[in-house]
Each structure stands twice: as structure tokens, then as C-alpha cells.
């Protein structure tokens, strides 16, 4: 990893770049929130940030610690009830881009955020689905962010919480899922995108200083690698400055409470 | 018609052993004080319902009040796991916890159905997910016009719902604003409804820039209780911010059964109300 | 994303011959000016959708723009019949009007389904009524959990919905308050959305005691048009009251085809906008 | 008709008396609105008046001309959307008492407000169902008010818009209708109530100065008459004063607009 920025910063910045200006973005807590706000503060000033707590068009000055922080409501264009958020806004097909995280992901970008081990006798009970199955189904496009590790990038999910491309090409159409599903998986090592014909996740970009072999080594299935793997553009000075400024403001604000 | 009563009395009358109980709140206005009162009164065999069971449900589960949890996301928001919830599911401690697990969209639709007097809610959801394999309360129906396959879930109809709000007037009308979650639906879906509020005022009036004011008329509520700080350590917009430090500290407190037990005995069972609970926490280093 | 454009232009772009059009408003904020513009632009073969078609739909039907009406209550509120609607149904004048008739609860559920991306809405309704005998868009389904029989209606998805609201900001975000009816659902259910407003302001802010403020973000709207008085003769809370005299006078104007024709030619087709329409009415004795 | 008050005043006052204090009342425009407000201003100060436009707990100083008049919103405890009104409040089973009018009624208090004549070739097209079918189904109790005339009290409805007691005892149970249906029909001549065992409308009270024969004569079916027909208590001075005051305030207010 080159000096000057962390792998998490690269991951956040790579995700932020995929947020188009003007897009309505369904944002989760943590990295998605950092990426979406970074996008809003750089190239996508008109991105509409939406949190499942019901806040639409938020412009929080710091990153929220919970999905329903007070500043999200106070800086929103509109605040609606949670049932309305899921019915009229998400299911209604108004969201351009959704972010998802996961404990496990498979080669078709299906994800598990429910349990590790058997559902009825889990070795680890995870928080569960939350909004994920319907974010995965209804957003026009989905980005998945998680750190690369063999225990996360698995041959077979312990539990399918939300579907990506199901079992490959045509899988979403067969289930009549409205959105086009995950278009990229952004990790701390690189970017995987579904192959245009098979929908299998394919390594298309590695972050600066990361080798293809290093990515393959921490992927739990024989990873498809694009014929030409790009190197992710390193963070610009501006991206880094805005992101760090945002995160420092956040730390200061939350230290006070 | 709402009676204005002390919280202890409201919980004593409204919450019975074996009840289906929904303490709702979506990161904002979480009814912590009411949850603590349920622990103090040692209710047993409750079915707890909530979209986002968080620290208060972790405490109620760890205190042995719950037999079942109906939920869609169970975590410590912004921090990580709920260790008491996990211990109950993974190791059956202090008692086995049956789980009925949904996604948010389905829980929201189920509350709406409950509030609407419908037996079930419909959503475009769960397609491809493993959840329907393990939850018999997820079924699929066909649209009678288009033949599309849609998910159906039974209405949520709690025996009692409890929420926290910013204000009530002396007639018992309740006002809340900011992130209002699924609280209106939880109240309207329930057989009995208890609302704790930050303050009781002569005239209900949202502040000038309140997003999304919601009024619940007195005649759909059974008991209103004035409980200043009743959402602490979550927040009440316009009153106090979220105590983020507490959520972080909870991770440490709750990882270990004994630490948890000592904490709940000292700060919840050993206190009588929110004011004593707050003083007890402040007297303890690191809130532990 | 909302463009701020003149009403004439908005209607020219958004409303096409043969469209399914919903001009919504529940006695309050009825988009009269937009309806008049549809008459001036002589749209044809429209399917008009509205829970409460009232005087503006009577005018649009009488002016020959409509081929079908989807509705649940068609009257002159507080006065009596809609004579142009009746003439179209009873005598096919100026053209036969097909009717798809519902009850309010079903129309509301159908709009909610449309806004929610669901193909149908469910309600506990229509049991014992003759309406399902004549409307094939009313079916019955069984609850997959209880076996109860419930009514189902297809989602309403207009090609274009038009509403009137109190304010928009310069980005095109819209604010309305008071009786807000089914307007949010109508906008969200439609492929194209046009909103006329009393005024465009720098910052959206509901008045101090506004009941029920509703914000529609700019990005769910196609066109916002500043049309002062755009709800006249209905009312805009905070701006002007309902002109009850007009509703009463409409009964007389609309009973007779010729009187109606002269009125619509003079005051609607003979004027270019709301301001001219108002002046034209004021210049005429008894608004006739 | 005794001097001092009109048949419409008697009818309104008789309906108002059936509104219990504290009841949540679903009110329509016209006579129901006058009756419900009269009740609120006399014996039922805590009646909660609800209009289908979404206004809950209104305390309008004058009678509304439309179901969504501004004063209804401005004096309400809460204003909700129309879909919420029908879903959460009416269908949710929260309404104690609903008022309905009709163009036609039959002996089981089923009503027609849709068409006179054939549905597809009507001689008179009426406004239609509005909220009536679900008011009739979901309110715990329903009062029907209409003027007595042979063309209104008919042997067979031209169209069943909303059901009362269907085809007699057990009819509502068979349809699994939640509420208990119409408990009284209040006319300008008297009061009809469903027979406890057959559910057939039975004349149980005539207004002062009205004979049983006069009511039977304007009823389009052989009207059941109770063994003992009461005489409706005439309007009290207070009832009349409050009603007239309300109506005069209303006239003055609406003359200004």
C-alpha cells in the first residue's frame, strides 16, 4: 500500500466515485455513509441522500452514528415514516443507487448478513436483514462494500439474506426483481464487477500497490480476473482532504455527546 | 382515552406476563425508561416485537423477560453486536429465545396491516432470500390482476405497544417529530398503548422547524406518562442528543454475563426511575 | 427533477391525448387552473381519475376532453349533482363517458399501491355492495394466513398527475398543508407529475400552526408552475377561502348545455390564464 | 307538525341525541354534520368529530360546506392523509359511529347512493359510493338519515351501494362485516330501528304530530310497526337555540365567501 492514505480511505473514495451527481442514494451507516457524503461534498453535489429512518435529501455536516441521528432529520428536505420510506420510496422504485455491506458474499454477489453457521444453531448471530433484501431487489443499482478476506468471500453462503445475481445470468429476471442488482463490489483491495454475460464477479481493478494474486489469495472461490485489470486511480488530494475533514468533524462532534 | 399516570403504574396495568410487546423507536425516541420498568417489574415470557431491537431489548432479553423476538435488524447501532441477544440465540442464556425474523420492509408492512385492520401486509420482497425457508409467517401470493408473485406477512397486533414522544397535552394528546419511525403504526396496531413523554404541556405545538410532526389523539392511547429523559441514552430531538459514549460502553458491559448482571442489578433493578438510573450511572466510572 | 415553467408549457409537455390523468385534491387545493389549461389545449380521449370529481372535472367532461372517468364520488360538494357528468353518463353528451366506479377506500388503496410499486391494493371493503358486479377491477382474494375474504383493486398509475400546492422553493421542492388528501400518492404513482403552486419562495417553511405539512422533493416532480389563485374557486389554506357562491352558481350554469357552452367559451377558452379567467368572471353578472 | 320548529330541525335533533359523549364519529356533510356538531355543543362535548378528508377531532365554529373545509383542518387535533383516514382510522376499527344518507333505502337498511334506474343506462346518475360501503362495514354502529318518501323507502333498491343488514338476521355475520350496522334510521317523520331478531326496520318512534299511518303511507314496503310506538321527545329550547345559532353562524360565515 502506497504511503499517504489507508486502504479504508481508498475503499471509501473508490465507492464515492461511483455515486453519480443527481442520483437518489439509499445510504447505510458506516462506509456507505462516508462514501455518499464524500460524493456529495465533491463531484456529486446534487446527490440525494436517503436513510431508511425516513430522512430524504439530508445534508448532515458530520457522519451519523446511527441511521436516524437527529441531524439527518434536521437537514433533510423531507422526513417520512419508516413504512412510507420502504413502501413509497424504496419499493416505489425511486432509488437509483443502494449501498449494502455483508458478512459473506459469493461469486454472484449474493450476500449474508444473518448468521454464520446453521440458522437454528448459529456460531455467530449477525444483526440480520434490515433493509437489505428489498434494497437489493428495488434499487436501480446496488454497490456492495466489504473488506476482502477468505471468510467473507466464500464459495457458499451460510445463509442467503439478499440476492445479487442469484445463480448467474438471467437469475434476477427469473425472480422478476425490478433493479439491475449489484454493479460493483468495492473492497479494500480492489473492485469486482459482474461479468456482462455470466454475472460472475470479476476482478476488474486493483487498488494501487495491490497485486492480482493478493486479491485471488483472499477470495474463497477461484476468482475470475479480467483480461486487463486496471489500477484504481489513487485518491486525489481533494478527495483525501474532504474525506478526512468530514471524519475529523465527525469525531469531534461525537466526542461531545 | 389516555389517563395521565406514573410510568410504574402504566407498566403494571398494561404489560402482563406472556404479552406480545412492541417498544418501538427507530434510533430516535427509544423508550428506554419503559423498558427498564419492565425489567424492574420482572415481566416474564414476553414476545418482544421491534424492527430494530437494540440496547434496550438487549437489556430486557439479558434480564430474562423475553421468550421470543420478532425483528428485522438486531444490532447495537453504530457499534456492532448485541451480546445479550446473541448469547440468548447462540447459547440459550438466560433462557432460549425463539426468533421470528423478517426484513424491514416486511415488518413495516406488517405494522401497517395491524394499524389498518387488515390480516396481512403485501410487499414486493423476500424474493431469493432464505428468510422464507425459516419463517413460516412469510408466504407468497399472486396478484389477482397481473399474476405477479408478492410476499405476504401477517399483521402485527401487539397486546401492548410503548413509545416515547416529545410532548403530550393535559388531555393526553401526544406530539412527536423528527425521525418518527413506525411509532404511529405500533400504537394503532396494539390492543393497549402506553406513551412516555418528555413533558406535559398546556398546548401542543411543534417547534418552528420541526420536520414531520405527528399527533396521536388521546383517545387511541391508554396511558401517558411524563418521563423526562425517558429516551436516554437514545435521543429526543429538541431535548437532548444521543449519548454515543453509552452505546460504545454497552459493548463492553454486555459481552460478559456477570458484568451485565452486575450492571443491570445496580443501575436498573437497584433504581426506581429514570432520575435514579441517571444518578446511578453518573456515580459509576465509565457508566459500568 | 422539477423544472420551473409556465403552466401552459407544463400542460403541453405533460398531458397527451388519450392519457390517464389524475387532477387530485380533496375539496382543498383543487387544480382548477391546470384543468382549464387542459380545456384550452383541447386534449381529447382522456381517462380522468379522481376520488372526488367535482366542478373542474364537470368542466373538463363538458368540454369534451374525457372518454372515461375512474372515480368514487362525483358531486358538487355542498350543492348537489354534477350536471355535465350526469349528461355524459345519462345521455352521452358531448360524448359517451365510460365509468369505472369505486368506493373511496378502494381508490385510496389503489393510489397507495401505485405509489408503492405494488400491482394491487387490498382492503376490507365492498362486501355486499353491487359495485363489484359492474366493475371487473374489483376482485376478492383470500388472506393466506386467516382465509378472510378481502377486496383487491389494481394500482392506479396515471400517465400524469397534477396537483396544486401552497409553495415551492426555487429548486422545485413543494410544500402543502391542511387537507392534503391523496395528493402525495397521486404524484408518486404517476409517470409524470405537474404541480402548480401559489408562490415560489426562497425557503420552504410551513406557517406556525400548519397542520400536517407535506413536502414533495423536487426530484419526484417534472414541472412546477407558479399559478397564484390556481385552486380558485376551491381554496388554498393560508391564501384564500373557498368561493362557496361559485359552487352554488355552477349548479345553474351547468344544468343547461348551451349555458355551459357559452360559459366555458367565454371564461375558459376565451381567456389565457387564471388572472384573465378571474377578471372575466368578475366582469360577468353572477359569474355566468 | 307542532309550531315552533321544522321537521328538519326535529330530524337533526333526534339524530344528535343518538351521539354518545366521547364517541368517535365519522361525519358527512349536511344533516350528519349539523347533528354531530349539535351533539358536541350540547350533551356530547367530548365527541370526536372525524371527516373523511382526514381531519380528526375538529371543533369548527360553523358547519362546513365541503368535507374538507379549511376550518376543519385548522381546528382539528390531527390532520392525516385520505389514505391514512380510510386505512388506519375507518378500516382500523376506531370509529364508534358513522352517519350515512341515501337516495334509496330498503327494509333491511341497505342503501343506494349510486343510480336510479339501470346502472348502465341510469335515469338519474347519483354521486356514488364515496366512503359509504366501508363506513357501513367498519363503524361500530351506523345511523342513517333521510327524508321519508315512497321513492326513497323502496321495496327493492335499484343498486346496493352499501349494506345495512343485508337480507336480515345473520346477514352481516355471514359477510364477516366488523361493525354492527345501522342501529337507527332517522327521518323527518320518525325513527326506525332494526327488529332485534329479524333486523327488519321497524317504526319505533314518531315525531310529535306525526301519525303512524302517515309514516306507513310514505314507506314503499309494508312497514313493520312496533307494538308500542313512542313519540319522539320534542326539541328542547336549548337544542333548538344551539342548532339555530349554529346554522345562523354558518349562513353568515359562508355568505362572506
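We call the chains A, B, C and D, going by the order they appear; numbering starts again at 1 in every chain.
Heads up, the rule we're going with is that a residue touches a chain if its C-beta (ideal position, glycine included) is under 8 Å from a C-beta of that chain, and two chains touch if they have at least 3 such contacts.
On a predicted model such as this, the values are computed, not experimentally measured, just so you know.
With B-D and C-D as the two chain pairs, more C-beta contacts join C-D. One finds 41 Å separating the Cα centroids of chain A and chain C. For the pair chain A and chain B, the distance between C-alpha centroids works out to 28 Å.
Annotation for chain B: residues 112, 117-118, 123-124, 148, 184-185, 209 touch two or more other chains.
Of all residues in chain D, those that touch two or more other chains are 78, 87, 91, 138, 178.
In terms of which chains touch, the assembly is arranged in some other way, matching none of the line, ring, star or all-to-all patterns.
Contact between chains, per the stated criterion, is found for A-B, A-C, B-C, B-D, C-D. Interface residues of chain A facing chain C in the complex, by the touch rule stated above, are 22, 24, 48, 56-57, 77-78, 87-88, 91-94, 138, 178.
On the side of chain C, the complex with chain A involves touching residues 1, 112, 115-118, 173, 184-185, 188, 215-217, 219-220.
Within the complex, the chain B residues that touch chain A are 26-28, 51-52, 71-75, 77-78, 81-82, 85-86, 89-90, 101-105, 108-109, 111-112, 123-131, 134, 148-149, 178-182, 184-185, 209, 211-212, 214, 235, 237, 241-245, 247. Within the complex formed with chain C, the residues of chain B that make contact are 117-120, 122-124, 137, 139, 141, 143-146, 148, 150, 152, 154, 205, 208-209, 213. For chain D in complex with chain C, the residues that touch the partner chain are 29, 52-55, 64-70, 72-74, 76, 78-83, 85-87, 90-91, 110, 114, 119-120, 122-134, 137-138, 159-163, 166, 171, 175-178, 254, 257.
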